[in-house]
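We just call them A, B, C, D and E in the order they show up, numbering each chain from 1.
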Amino acid sequence: MYCNHPPEKPGDKKEVLQKITNMARANSLWVTGYGTGCGAIELRPLGTSRFDMERFGIAMRPTPRQADVLIISGYLSTKTLKRVIRVYEQIQDPKYIMALGSCTINGGMYFDSYNTLNVLDKYLPVDVYVMGCMPRPESIIDGFSLLMKKIKEGRATGWKHYKENLDYYRENQKQIIKNWDLPDYNW
Amino acid sequence: MGVNPATDPKKTTHLFFGPQHPGVTGNMSIEMWFDGDQVTKAITHVGYLHRGFEKLMEKRLWIQNFPLVCRICVPEPDINEECYALAIEELAGIEVPERAKWIRTLVLEMGRLAMNLMAFGGQAGTVGLGTGAMWGITFRDFVLDLFEELTGARVYHIYIQPGGVRRDLPRGFRKRVHLVLNKIEKRLPEFDRLILNNAVFKLRTKGIGVVKPEWIEEYGLVGPVARGSGSVRDVRKDAPYEIYDKLDFDVVTETGSDIYTRAIVRRRDIDLSISLIRQILGGIPAGPVATKLPNLTEWRVPAGEYYSRVESSRGEYGYYVVSDGSLKPRRVHVRGPSYVHAVPLLERMLIGANIADVSNIMVSLTTCPPEIER
Amino acid sequence: MIDKVKKELEIRFPLLKLVREQHNYLHVKVGATSAMDAVLTAKTSLGFTTLQLISAVDWMENNAFQVTWILENYSEQEVLLISAYFPRKNCVVPSLSQIWPAASAFEREIYEMFGISFPGNPREGEDFLLEGWKDIPPMRRDFETEEYAMRTFGERQPREHIDPRQYIGDVVGEWNTPMGRNREEEK
Amino acid sequence: MLSNIMSILLTVFTALVWGLLLGGISRTVTAKIHGRMGPRVTQNFIDVWKLFRKTSSIHHGGMFWLAPMFRITGAIAVLLMVPVVVGQNITYNMSFAGDVFLLLYIMFFGCLGMALGAGNSGHPYAVIAVSRGLAQMSSYELSFSVAVVAIAVGLHTFRIEGIVAAQQAGISSWNIFRFPFASAGALIAFLPMQMAYPFGIVLAPQEIPIGPPTEYSSRFLSLMFSGRALFSVAKLLFFVNLLFGGASSWLSLLLKTFLLYMYTVVVSSVFPRFRTEQSIKFLWLVPTTLALVDLVRVML
Amino acid sequence: MVKALAVFLPLLGAFINAWLPGKHSKASRFVSYTVLTAGLAFVVLLSIQLGAWNLADLSNSVIFHSGVGSPPLSINLEITAGGTLAALAMYAAVIFSIHRFALHTPKSQPLILAMLTASLGLLFATDIFNSFVFLEIGSIATIGLTAASRCGSRWEAAIKVALVSGLVTILYLLAVAVLYRSTGMLTMAALGSLSGGAAVLVSILLLTVIVTELKAFPLAGWGLDFYQGASSNVAGLYSATWSLAVLMWAAKVLPLLPIGNPIIYAWIGAGGLVLSQLAGLRAGSAGRILGYSTSAYASLLLVAAGTTTGAFYTRTVLVLMVFSSLSKFSLFMLGNPWKNRGWSGYGTVLMLIPVLLLAGIPPLPVFWAKFAFLKHLALHFPVVFYAVLAGLFLEAVYLFRFWADRSEKISVKAFSKPSAVAGVFIILVAAIWITQLWWGQLDFSGSIIASSTLRNIFHALFAAGTLLCLPGVFKRIGSERNYWFWLLISGASLTLLPAAGNGITFYILWEISAFAAVVGVSKGTGARNGAFWYAVFASFSGYLLLAGILLSRGSFVMAGLPALLMTLAALVKLGQFGTHLWNVRTYPAAPGTMPAYLSGTASKAAVLLLVAVALNATGGALPWGRAMAWAGALTALAGAVLAALAPDYKKLLAYASVSQIGYILVGLGLASILGWTAALYHTVHHMIFKMALFLGAASVLYRTGTTRFNNLGGLVKKMPWTFAFTLIAVISFAGIPPLAGFGGKWLLYNGLVEAGWLPILIVAMFASVVAFLYSYRLLHGVFLGQLSPKNAHAKEAPLALLLPQGILAASIMVLGFKPTLLLNILVPALKAIPGLSGLAPVIQGDMVLTTMGTWNAWMVGIMVMVVFGIAFVFYWISGHKPKYVGQLDIGFAGEMPPSADEVHYSNNFFRPYTRALAFLPRIHAEKIFCGVSKTFSMLGDGVRMLFTGDGRTYLAHSLLFLVLLFVFLNGGM
């Protein structure tokens, strides 16, 4: 019923029209509509007239299947991490993770909480961190422009890293998700 | 044992609204069983945002907890600080200077205004009127600018402290507040035309999501949800804190009980907040904005228990604070209005609802998951 | 008004201990056995028809849990807190979920956070805030959250301390001043 | 023969470009109504290209796989059945092969394919959306077919060329003036056809995110977007030919389709969604009654 | 010597029986049984030798004297050919049932002999007083038999018989006295010489006696109670011997009564028939139901006596009475083991044949008699005709209900009941024999459809439809029984149908195909109810057709009322909305490929009938064409809506069938060339796609064992070919252009516009859009969505089911791309029909032109295929390799789908639509029918109030009847 084959290793295949494709990817970032934490409150103004992320081709998509970017908007509780993993793995390649707030970097002010993980990078490959608690819309836009830059230069390869080191990530994930019942592969 | 007809897999479809779902406010999920497109059973799942605040607060100094409490409710953080500060002041017997009281009230009302603007627009957004949602959040941004000027932060202000507020008002602030209020007020009629007078919006919200008046006491409903069903409860009026007893206002109440009525209540709350802010701005007395506190790193709040209450934009908000006379609180228990709105009430209201109205109903309760989960 | 409530309660529960009394606020402590009686009396004959919150405090050193029911009288705008101590080991408290539907959620939370059981709550044991929690209930005093976090989520990364003024000094100008210099009320 | 094929290719290519461009413009216009700047007008090209070049994608079975092709085929079939520029017979493409009845029915080809793909994805939201969409379709097709029959019978021809040719005597001969009620009915039915609010119950993100394409990703989605762009141009073209006298030149074609498209965009951004049954009832009541007025007129 | 043996042997048997010790051993029972049977068999042989074995001339007779002197002192028997036939039936009944008595109540054997003697005597008696003696013996034997049985209510039954026979004795003796006093003779012929008051008095007395003894309507109460109370063995023997004897005797006496105008018999009979059958609708027990049926035949006898004379009368009465008695005998004998649950497919058939015979379905013997009789009535006594027809239909309804209720309970042991088997066997042999007598009436020249093109199309349609159903007949599941034989019979008679040259041929083929199909349907799992509905509506439509044919006075159909009746017959058969109940009950219940045959092929018989009626009655245009078109359009719409809301695959297809049939009606109603082209095109197309769909349903049922949507879903992965063929059929009937279905719609719409029937056009178009709802519902409910784990074992359908589907799908493709193949045949043929109005569509190569529209299916098809092909190739070569992920691997809001069953969206699929339709008043055809049947039940209850179950009431009835008769006849004079 679920997918039962491991992901293909993406490799460094050179695609035709790579440059144009990268430009297109950078200028059309579709964000999964998943407010995982309190940073989501600043994603809303990002869509409105003040900041208007659609200028950059950034749009919200309600389903992970159609998105490119997953924004981890702040701390992740273990309960949410499980869903985030599932959502992330359902996004199609190439995909990027942008993490908002100090709490995704090192736990921030919840460093000693029993329910929030401290370093997101151990569980999911983060391409761009945006610091602050919570990050202002401007800094999120800044984060996006950094992500765009990385994509254009072909450096936003977190998803490749994730696929190549899936075992490492899985081990870490299973360590903190006590009732692991996800399928091993959700693509 | 027979199959429960509400969850019979042959007759029903089992679906999750959330956590990754654009129709759900914040990070929570509703597990539902549908017969056709009608809900037969609903279970709210919370805890996706659980950070263990109450545990963390037991591990931190009294004053260190202010940065934590404001994160309990993201869209309207000031009430947490206020509520926590009220409890500490009650336990420690701290007097708050008059000017600080006025400024606090100002901050609370601005927060309420911001939240109500977002919620009112969001109600339109959830039935597909994206324009309304956009406008609401844009208006809110103006208020956030004021906050930024006043406190240095857009969202988490950490402005209120025991015995007063952190800073005084900046120069020219009152003028700028007036400017923003005028700007918002000028746009409000257009907002009304777009949403409240929209025939389709009425069709979508009238008669849907009815909160029966007898549920108010049964469930302990508060705020616009209760006031949309004829209740006149408002802590600002019933147990006035800060300077609400000096302000002139009437509690907003309607009797329609449905989503549309709640939208109206919220809309009238916006007007009320604007009028209150105007009153406050006109009446702020001069004086200090904070009482001198002892050395905060060694501050022991006297032992005792207190349940402090304030009125948030979603209704009565309570902090149950227990001190054992040590450096750190013994126990802080936050009771947000969403607690009953999003869990027992929502589970009850959704039964028989149409799938199209699920997020509509949920948004009309203005649930805020972090205050359930903390 | 609150005097009447107090008197009434004192007549019925002579062992009652008064904690705090204000003009519309009353906090009483009763014995563990008469707690339910007190709550139900308050509901049926004193008009406290609404349950606002059920809270618990872990008095580990006294080997007791303090459970507090916070009731409100909507028509008289009064708050009544009824507390009772229950022995800490295998703590069992009667459930109110048949009387107030809202109580079910409060009780589920306390069950999860303190391990206090509320027999009679049909949904007790369903996951509420936590998922797959295997340790001792986190809100107990003997649960060390920092140690748990360290154990589960790993060491917090070392942190560089940077004074932001160093960076923002040139840009903001006016703000780079001792606090509150420009913050006086204009007359 | 060769020139016919060239014309067909040109039509499809133009329609694709124009459809995507219109989509971009509509996003900009919506943004302006929201008070925003909005994306570039070329944003849809970038999106389609990006989706096309995504490196992985999933499918749930054969029908899922075929659905975008059904969609694109249906769109192109409708496009080719409609004359593009009046007077330039070479651009009439395949319109000789059928009349308005054929057009009414071939419109379903893509929709049915899409619905099948959605069903095969196994996602309940997709299926709920299809059930809503079909229910709504059955109602707006009623008013639309009444309008079309009224016009066709009034003009004594079912051939689209014939309908266009009958409107060439100046603006007053346009069907929108000759059959005002039927036209009003058809224009209201045009909104649900374009999934515009208040009839956008199929892709309701807050209710059933996001309807039939909820499982579609990457290249499938890219084709689906292209198909949607083509299909909306095809529908616009049909409406321009049906109500607005056809297009006498490419320029007027672009102008008319643009204006018609803007009508849906503007209406769309100031209305919430109906519930499904409300939408159905509205469509049964208002546009159908309007169109029936003209039908009765024609019959008498 | 021989005569002596004839008397001696049975007596010996009886003697042995009586002599046997009280405790009967098995051996002694066997001995007595054997001797008795042997004696009877000998008597039978003797009778055959004795009887004037020439049925062609029934007037031959032999007078046989016994005793001394002349009657009334001696017994004179007139052995006629008809009487011999009846006697044979009696013998057969006794021989085949006596073992039961032998085994259970050996003491009753002398009583059986007494009853047989009385029956034979009454059968052949020529003397009034002789008759009286036999009547008395018969009554006593009946009372004795009843009382000797082991049935719980035997005394009630016996006492009622005794009471009635007492009254009868008094009245009869009065009549005898008057007769003797007036004429000095007691022969039957003496009745004719009566005159004046004596004639009236004797007539009244004897008529009362006869009606009472016959158990005809107003005085039927005791009979009903008797049948209900007596054990089924006794009742069976009684109905085959004594009851038959009384009937035959009455038939003999009635024409001789000096009553003046015998039409009074007909009035009593016809009125009684309708009223008693109304009451019969509410009858509960088997005995009572058969009692009502007896009453019906008694009434028929009265009608026959009142309206016919001579040899025709004799023959009619003989066939009707003998075979109905035999049928009832079989039913009673079968009915014995009702209490045993358990079921045999053959039991159903075994029971159905007597029921069909009682209902008068061809080619069973009673049909021929009824047909001739009704024809006579239709020509000369139209009012009686209608009453009789109505009564017969009511009788058919409760008989079929009886069959549906009871046949399920017949155990396999039914085969050990030689009595029942023998009864059925005799009926079948007689059927063949009588059919060959009447064979000359049949005509297979095919003259009722003049156009040989149309005829050939229908021939091909029926033959192909039957053949395509045949490969799959052995792919049955569970408790479904073998039905291929009945399918074959039905299909064969259907294939012959277009060749019918006159009404009776048409009617016989029509009924055979319908009732063979009924048997076939009854082989399904729990199909009794479905088969019942089918049988009732088929016989309703059959009686309408029969009425139409008979009223047409020799020709196939006449304009006016006969044509209307036959149109209605066709509409009922088609399942026109309102009568669609049988479709939606029968199709889902039918086994295997049977529904495909029923919906795809058998329903086209009604189209044929409509065409035939239109062509023969008015040359094409029926005067009620417009009403028919409206009915068709509304049927299409209502059927489509109901189909969209149906919860079951086959039920959905049944409603879809109802809906699609609507288009055919619209087309035929148009009565223009375009309309007929559309209708016939759609007929062909409907046969193709509906068979493909139902065969697909059969495949799904075969592989999964269910057709409920809630239990299905996701089968596309398991049954890809079935899905592909179903998809093609669905796209086609939804009318989406590259496939065949669009053609029918296009032609129809053009026809409607040409005729200016725009409102119908709008309704039809709306219905065709609603069709999308159920077409998607069907595809999704079965093939798409989540695959339930319960169906994980499902495989692709067997070739026997797949191949026909493939052929049908291929023909849809061919017809879709080249509709001109069919149109080139149809259009010239229809152009040649003068009665059709309008312009014919012009066919230029692949282009079809009407005055307003154009359609080039080939170009459209090529265009779609090319575009699709280019897209496909582009897709294929662009290096796009999507990964296949499981059905549960869906973006489920970040959660995991719990299980396929739970995630599958199936129940209440179109709930919003239901809500949108909520403003419509919920007029269900079911409710209307419930209302109708309730009304009938109430009427029936009213009649039943007469039959209180109290013997005194029955005596009062008889006396009242006597008085009324007296008043009426005297007033008349």
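By definition in this document, a contact is a pair of C-beta atoms (placed from the backbone, for glycine too) under 8 Å apart; a residue touches a chain by one contact, two chains touch by 3 or more.
This is a predicted model, so every value here is computed, not measured.
K.L.:
Which number of steps is the smallest that gets you from subunit C over to subunit E via touching chains?
P.N.:
Minimum step count, subunit C to subunit E: 2.
K.L.:
When you check each chain against subunit C and subunit D, which touch both of them?
P.N.:
The common neighbours are A, B.
K.L.:
With centres defined from CA atoms, tell me which chain sits nearest the overall protein centre.
P.N.:
D
K.L.:
May I ask which two chains are joined by the most contacting C-beta pairs?
P.N.:
The largest set of C-beta contacts joins the chains D-E.
K.L.:
Find the geometric centre of each of subunit B and subunit D from their Cα atoms only, then give the gap between the two centres in Å, rounded to an integer.
P.N.:
Here the centre of subunit D sits 43 Å away from the centre of subunit B.
K.L.:
Any idea how many Å lie between the Cα centroids of subunit A and subunit E?
P.N.:
So the centroids are 71 Å from each other.
K.L.:
Roughly how far is subunit A from subunit C, going centre to centre by Cα mean, in whole Å?
P.N.:
Here the centre of subunit C sits 35 Å away from the centre of subunit A.
K.L.:
Which subunit D residues sit where two or more other chains touch them?
P.N.:
34-36, 56-58, 124, 128, 131-132, 205, 209, 214-215, 218, 275-276
K.L.:
By the touch rule stated above, which residues of subunit C touch at least two different other chains?
P.N.:
130-131, 138, 143, 145-146
K.L.:
Please set out, as single numbers or ranges, the residues of subunit B touching at least two other chains.
P.N.:
Subunit B, residues with two or more chain partners: 13, 15, 19-22, 34, 37, 47, 50, 52, 55-56, 59, 134, 138, 354.
K.L.:
When you check every pair of chains, which ones turn out to touch?
P.N.:
A-B, A-C, A-D, A-E, B-C, B-D, B-E, D-E
K.L.:
Within the complex, which stretch of subunit C touches subunit B?
P.N.:
19-20, 24-25, 27, 49-53, 55, 57-58, 66, 68, 70, 72, 74, 77, 79, 81, 83, 100-102, 104-106, 113, 127-131, 138-139, 141, 143, 145-146, 179-180, 182-186
K.L.:
Note which residues of subunit B are touching subunit C in the complex, please.
P.N.:
It is residues 45-47, 50, 52, 54-56, 58-59, 167-172, 174, 216-220, 231, 233, 238-239, 284, 286, 304-307, 309, 316, 318, 320, 322, 330-331, 333, 335, 339-340, 343-345, 348, 373 of subunit B that touch subunit C.
K.L.:
What does subunit B use to touch subunit D in their complex?
P.N.:
Interface residues on subunit B, with respect to subunit D: 13, 15, 21-23, 34, 37, 124-132, 134-135, 138, 194, 198, 200-201, 203-204, 354-360.
K.L.:
Enumerate the contact residues on subunit B facing subunit E in the complex.
P.N.:
9-21, 29, 31, 34-38, 354
K.L.:
So in the complex, the part of subunit A that touches subunit C is made up of which residues?
P.N.:
Per the touch definition, subunit A meets subunit C at residues 78-79, 82, 105-107, 111-119, 122, 175-179.
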